[in-house]
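What follows is a set of notes on a single structure, which appears directly below.
As written, the chains take the letters A, B, C and D, and residue 1 is the first residue of each chain.
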Amino acid sequence: MIFAGVDVGSMTAEAVLIDDDELLASTVLVATPDPVTSATIVMERVLAETGLRSQDVAYCVSTGYGRERIPFAQHDVSEISCHGKGAFWADPGIRTIIDVGGQDCKVIRIDSVGDLKDFVMNDKCAAGTGRFLEGVAKTMAVHVSELGPMALGGVDPVPITSICTVFTQFDVMTFLADGRTREDIGLGVAEALAVRLNRLVKRVGVEDRLCITGGVAKNVAVVRATEKVLGHDICSLRIDPQIVGALGAALFARERHAKLEAERSKAAC
Amino acid sequence: METQQGSLSRYDHFRKVDAVCDLFQMAIATGASSPADLDIPTLMGILPEYHASLVPQIYPEVIEAILKPKNRGATLSHMAAVKRYVTDLTTALDSGQPVIYNFAVTTPEIFLGMGLVPLCYELLPIYLAGAFVGGVDQDIDLTEDEGIPGHVCSAQKAPNGALMSGKMPMPDIMVKTTVPCNSSNMMYQWAQQQFGARVVVVDSPYYSNRRAFRYYVEEWKNMIASVERLTGHKLDEDRLRHHVELGNEQLKYYYGMQELRRRIPNPDPGMHRALDVAALYLCGANQEMVEYSRTCYQEARERADSGLGVVAPGRKEIRTVWTWGMTPHMLYLPDWLEERFGMSFLECGLSYMPSEVVGYVDTTSVDTMIEGLALRAFNMPMGRTGMTHADLMIEDFVKVAKAYHADAAVFSGHMACKHSWAVAKMLGDALQERAGIPSFKWETDLLDTRFTPHASAKAQLAEFFETLM
Amino acid sequence: MHVEASVVPTSASAVEELAGLPLRADNPYINAWKDNGGKVFGYVCSYVPEELLYAQPVGLLPIRMGAVGCETTEDADVCLHKSICSFTRCLLQLGLSGDYGFLDGFVMTDACDQMRRTYEYWRDEVGLDFLTMVTIPHSVEGEQRFAWYLEEIRRLAEAVAERYGSSASDRELADAIVTYNRYRRLMLELYALRTAAAPKLSGAEAMRITRAGFNMPKHAFNERLHEAIGELAARPGIDDYRARIMIGGSYLDDTFLIDIIESTGAVVVTDTLCSGRKYIESMVAEDGDPTEAIARRYFEHTSCPRMIGGFEQRLDFTKRIAAEARVDGIIFHRLPFCDNHSVENTMESRELNKLGIPTLNLESEYLATDEGRIKTRVQAFLEKLGK
Amino acid sequence: MILGCDIGSSVTKAVVLEDRAVVATLRVPTEAHADKAMDRVMEGLRERHKIDRADIEETVITGWGESRVSRPHASQSILSSLARASQWDRPACRAVLCLGAQNTAVLSINDKGRVMEYRMNDKCASGCGKFLEIMFEALAIGVEDSAEIAGAADKRITLSGQCAVFYESDVVSLINAGESVANITEAILEAVTKTVTTLCKKMKMHDAIVVGGGLANNRRLVDGISGMLGRPLHVFGGEPDLIGAVGAALSVEAAR
C-alpha cells in the first residue's frame, strides 16, 4: 500500500512515497512563499516520478510550517516527531537528531522505538540555521552547497562574533574586504554554527547514535566542526538527510492508516 | 611565590586570581613601561608552569595599561592587597570555616567581625573577566545550558558556572540584599535550589528615607543573628572595630580621590575606578587594601599639586561621567580612551558613593558600627539607587556632572540591568537639559565578552568621541 | 456603590456577556461607575489589597490593568529600552496613548523591576489624579516584614482618605472582605467546572470570564458569575479533547497562548498564573482587624517568584493544582526579559520532571505573532505525551 | 574640483563638487574591495564625465570602506559628513535622518553644522535597508517596488518582534497563513516606519529635518515617518543616497 509524506519548510519542500516499508521515491524543491503551492508541486513531481496517481496514495500526512493547510493531507504531525521517526527508520540505532531547518534548528531525543522523548528548539533567532548559511553564501557569491567543501580548505577560521544573522553578513563582507580567504570565512562560519548547535544540544543532552538532518547535514565542514565541539561522532544516514521529515510523515501516514483500519474493523464487528 | 596548597590550589578561581596578581607584579617589577620592553621569553622561562600557561590569555591592552607610570603604583598595591585577601580567605577555609558568600553591597567588615572571611559571590569573576580574554564566558555558558536565559545577569551566571565546574567552593551560606534586582534575587534562589546553599536575606526596602533605613538596620541585625546561629561565630566588638577602622581609613582616601577628580585636569586614572570598586567591596579586609587606597590618593594628589592630569599635557581633556558603570571585561577601556581621545573618567554608577551622606562608621559601640555599615551599604553603588524611585539616581548624576565639570556622559548599559535601562532616557534628558552635556548610550554585558565584542565597543565609542568632541 | 442596575447586559447569557465584556473605555460597568460619581483605580500586581480600595465610601473601583488589544509600543519604546518586557511596554503605551484616560488613580507595587521603573513615566508623561506605590518585602519570613507591608497598606488608605476626604469604616471593610471572599469562592467553582473529567468550558472562555472579573465591580460580577456557573453546569462537557494542559509563568491576560494550545485539540483546564488560579487562592479572615486580615491574605498567599525563600511553597502549589486538575502536562510561558518567571519556570520544570510530570517551556512576546513556531512546539509536546 | 566618496559595504557613491555645486555623480559596486571601488570611480569619472585624476584637487572619503583605501586621501566621519551635506542642502537644517543600508542614524546639529547628539540603530538590524532587503526577499519582491506594492494593502497587520530575525519568522508565518503580499509588505514598511520614528523621538530634534540615504527614495517610509513625527521631512536634494559623499566633499570647501 502506498503512503505519502510531505514536508513544507520555509526554504524547501519535500515529498516522499513509501510502499509499506520500502522507500519508493522522494523529491526536493525550493519552496515558494505559499506552502500549499509548494506542497502541490512537490507531490505532483514525486507521483510523476513513480507514474502513480494521487488516488493510489492510501493516506498522506503533512508536516513543516504549512502542515495544517495542505488540502490533500488527511492528517498533520509536527516536524519534530517526523524527523525522529524518519531518522529512526533510516537507522534504528539513532537516539539523538539535530535538525537544522531553514529558520530554526531542533535537537530531538527519541527512545528505542523511535518515539519522541524530548526536544529543544532554538529561541526566536535564525542564527545557526539554513537561512544563516544562505545569507553568508550569498554575501560570498557562492551557492550554499559550495560552502562546505570550500570551508574544508580553511586554515585560520575567522571569528564570527555577531549574533545577528543580518550583521554576520556585514562581518563577512568586512572579512572579504580585509583580504581574508573565502575558505577561512567558510570555516569560521561553520565553527560558529557548530558552537550554536552545541549550546542547543547541551540543553537536552546527547545519546548515541547521533545524526544531523536537513540541508545543512550536507555541509561537510559544519558536520566535522560539530563533531569536534560536541565530542561525538555524527553518523551519516543511508538516505538524503533533507527528506527525513517527509519520510517520517509518510511513516506516520502508514501508522495512522493502520490504526484507523483497526478501529473500522472493530466497529464493523 | 609560596608553594600552593589547600583550597588555593583546589579552586581554579582562587589560584587564577592569585597567579594574575603575581604576574602583574612581576611585569611591573621588570621596570618595563610598555609591553615592547618586556622580555617575554626570559620571563616565561622563570615562571612556574601554571603562571606561564596563563600569560597568553591575558589582554595585551591590560598589560599595556598597567605598565604605564600612572597605573603602576595602584596596580602593584592593589595586587598585593588581593593576594593578601586570597591568602586570608583560603587559610580560613582550610581551617574549616564555612563557605560564606556575600552579595557585593553587604560590607565584609560585619563578617570579618565574626571571625569569618566572606567571599563576595560576584567578585572573582569580575577580576578574571578583566584580566583574561573571554575570562568567564564558559562559566556563563554552563549556567545557560541549565536553562537560564540570556537576559539574566551574568554577574550571577558566572559564579554559578564556577560553582558547577568546581572553580569555587560550594556555598554553605549566601547573604543577599534584595537590592538591586529581580535577576540577582532569582539567581540566589537558584543557587539555594541547586547547591543547597542557605540564603540569608537582607531585605532592602523600596524608598531611600529614614523609615526605610530603620527597617534596613533591623534587617541587618536579623541577618547577623542568623549568620551567628548558622556558623556559631559570634560578632566580636574589638575584631569588628579593627576592621571598621581599616575601612574608615580606606574611605578617607576614597573620598579624597572623589574630591581630586573634581579638579581640572583630572589627576586620577580611569582604570582605577574598577579597582576602587573592587576595593570598596573588600573594604576593611586588610591593611594592604588601605595601602592601595593611600597609594592611589597620594599619586593623584601629587599630579594635582603639580597641575598634571591623566590626559597628556596640552591635550584637550574630555571629562566624562559613566552613568551606568564601567564594563569589567573591558578593564582597560578607560585607559584606552584616555590615550586615544583624551577622555578622563570622573565617576560612574558603580563608584559613586556620596561622602556627605555616608561619612565614616562611628566605632563607639557595636550598635553604632552596625548602623554605620548598614548606612554605607544603603548608599553604596547599586544599594543607593537600585531600589527606589529613579529621581535619586537622576539627581545624583546631575549633581556629579556639575560638581565634576563633566563634558559628556556615557551610559554603558548592561543588558540584563532592566531597571537602569528603564531610567536611561530620563537620565539622558536630565543631563542634557540641566547639565548641558550629551549622553552616549551603548549596550554591553558586564562579563560576557560575546555580547558586544571589544572591537565593536571600541568602534562605537571612537565614533562618539570623534564626532562630538 | 451598586451600578449593575444601570447597566444593560449585552446578552441574556451571563457566559456570553462576561466572555465578551468590552475593555477599558468601552466597558459599560466602568462607565456606569464613573457616571455615578465613582472613581476608578487601576493596579497590575496581585499584592495590591483590593478590598481596601473597594471599601472606600467615595466609591473606588479597583480594576486590574491589562494591555489586551494593544497593537504597538512605539511611544513606550521612546521611554523604555527594548530589554524591558513587552507587557510593561504595552501597558505604558496604553497610558501614553490615553486608552487609560478614564483612570483616576493607579496603585503600583515594586514587585517587578520593570513595572516599578515605569512609575516615573506614569507620573510625568501620563499624569494621573492619584498615583502611589505599595512596596513589598522580598521575603515573607519574619514579623517585621509583615509589619512593613501592613504599614504600607495603612499608608495607602491614609493617602486615599487625604485625597478624597473620607475613609472606610471597619464595617465597610468587612463588607468588602465578604464580597471578595465570595468572588474567590465563585471563581473556585468556575475552576471546578474546568477541571471536571469533561470540562464545561475551554481555557480561553475561562480566561475571558476571569478578565471580566478584573474589570467589573465585584458585586455585579459575583451575580453574573453565579448565573454563568449555572449556565455552564447545564452544558454538555468537552469530552473529545486530546490532552489536559495546565499553564503557568509570566503575567497573562490574553488568550493568544491558550488559543494556540486549544487549536491543537488540547484543553487548558487550569493554571498557576498570578492572574488566574493563584489570584483567587486563600480567603481573607472575616474576623479580627479587617485591615490586618487583608494584609495577611495578600502578603502570605502563594508568593510571586520574586519572594526569596518561597520556592518550596510555590512548587507545592503547582503540584497540588496539577493533581487537582489531573493534567497530562504543564506548559510554562515566559515573556522575554522576565527574570522572575524565566528562572522560576526552569526551577519548577526541573523538580516536576523529576516527579515524572512533563513540562514545556515557551517564550513569547505579549504581542506575539509567531503562532507557527509556538504551535510546532505545543504540537510536538502533545505528541511527546503520546496524545 | 573636489571628489567625495562614500564607500558603503555594497555600493560606493561618488560626487564631484566645483564651487560647492555638484558637477558629477556616480555609483559603483563595492564588492567588498575599497581600492577596486575607487579605481572604478576614477574610471567612471573619466569615461562618463571626462574628469581625470589630474582635475581632482582633493579626494575625501567617508563610510565603511574609508579605512580600507590604500591610496592617500583625506577622510571624514560619516556622521559629520551627513551633518555638513544636510546644511548645504538646507541651511536651516538642524536635524538629519539617514536611512542607510546598514545603519539608521538620527543627528541633531547646531547652526555651525556641528553634531550635537545622535542615535543609531544598535545591535538590532531592524529599520535598516539590509533588513528590508531580507524581509522582501522572503516575499520575493524588490525594495524599490515595495512602496507601490504596499499601496494595494487592504488589511492592517501588526508585526511585533524586536530584531530582523524575529520579523523574518513572523513574515514567514504570515506567508504560511496565506496573507497577501501587499498586506505583509505594508506591515513591514509600517514596522520600519515605527522603529525609525521611535529612534527619532528618543532625541530632541529641532525642526527642518533632512532625510537622506537609499531608503529616503521610499515615499511610503518618508511620508509615514513624517506623519508620525508630525514634522515635514525634506528629502536630500534629488539623490538622497549621495548625502554622505556630498558631505565628505564639502569638508574641503568648509576647510577653506
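Everything below uses one rule, namely that contacts are C-beta pairs under 8 Å (C-beta built on N, C-alpha and C of every residue); 3 or more make two chains touch, one makes a residue touch a chain.
As the structure is a computational prediction, the values presented were derived from the model and not from experiment.
The set of chains in contact with subunit B as well as subunit D comprises A, C. Taking the definition of touch as given, a chain qualifies here only if it contacts subunit A and subunit B alike; those chains are C, D. Pairwise, the chains sharing the most contacting C-beta pairs are B-C.
Greatest Cα centroid separation from subunit D: this falls to C. Averaged C-alpha coordinates give centres for subunit A and subunit C that are 41 Å from one another.
If each chain is reduced to the centroid of its CA atoms, subunit C and subunit D end up 46 Å from each other.
Residues of subunit A in contact with at least two other chains: 65, 104, 124, 163.
In subunit D, the residues touching two or more other chains are 123-124, 161, 166, 169, 172-173, 176, 202. Multi-chain contact residues of subunit B (touching two or more other chains) are listed as 147, 425. If the chains shown are joined wherever they touch, the resulting network links each chain directly to all the rest. For subunit D in complex with subunit C, the touching residues are 124, 158-162, 166, 169-170, 172-174, 176-177, 194, 197-198, 201-202, 228.
Residue ranges of subunit D in contact with subunit A, taken from their complex: 9-10, 32-34, 64-65, 68, 102, 123-125, 128, 130-131, 134, 138-140, 161, 163-166, 168-169, 172-173, 175-176, 178, 181. Subunit C makes touch with subunit B in their complex at residues 78-81, 83-85, 110, 112-114, 116-121, 124, 133, 135, 137-139, 141-142, 144-145, 148, 305-306, 308-309, 311, 334, 336-337, 339-340, 342-344, 346-347, 349-350, 361, 363.
By the touch criterion given at the top, residues 65, 77-81, 104, 115-119, 121, 123-124 of subunit A touch subunit C in their complex.
By the touch criterion given at the top, residues 141, 144-145, 147, 450-451, 453, 455-456 of subunit B touch subunit A in their complex.
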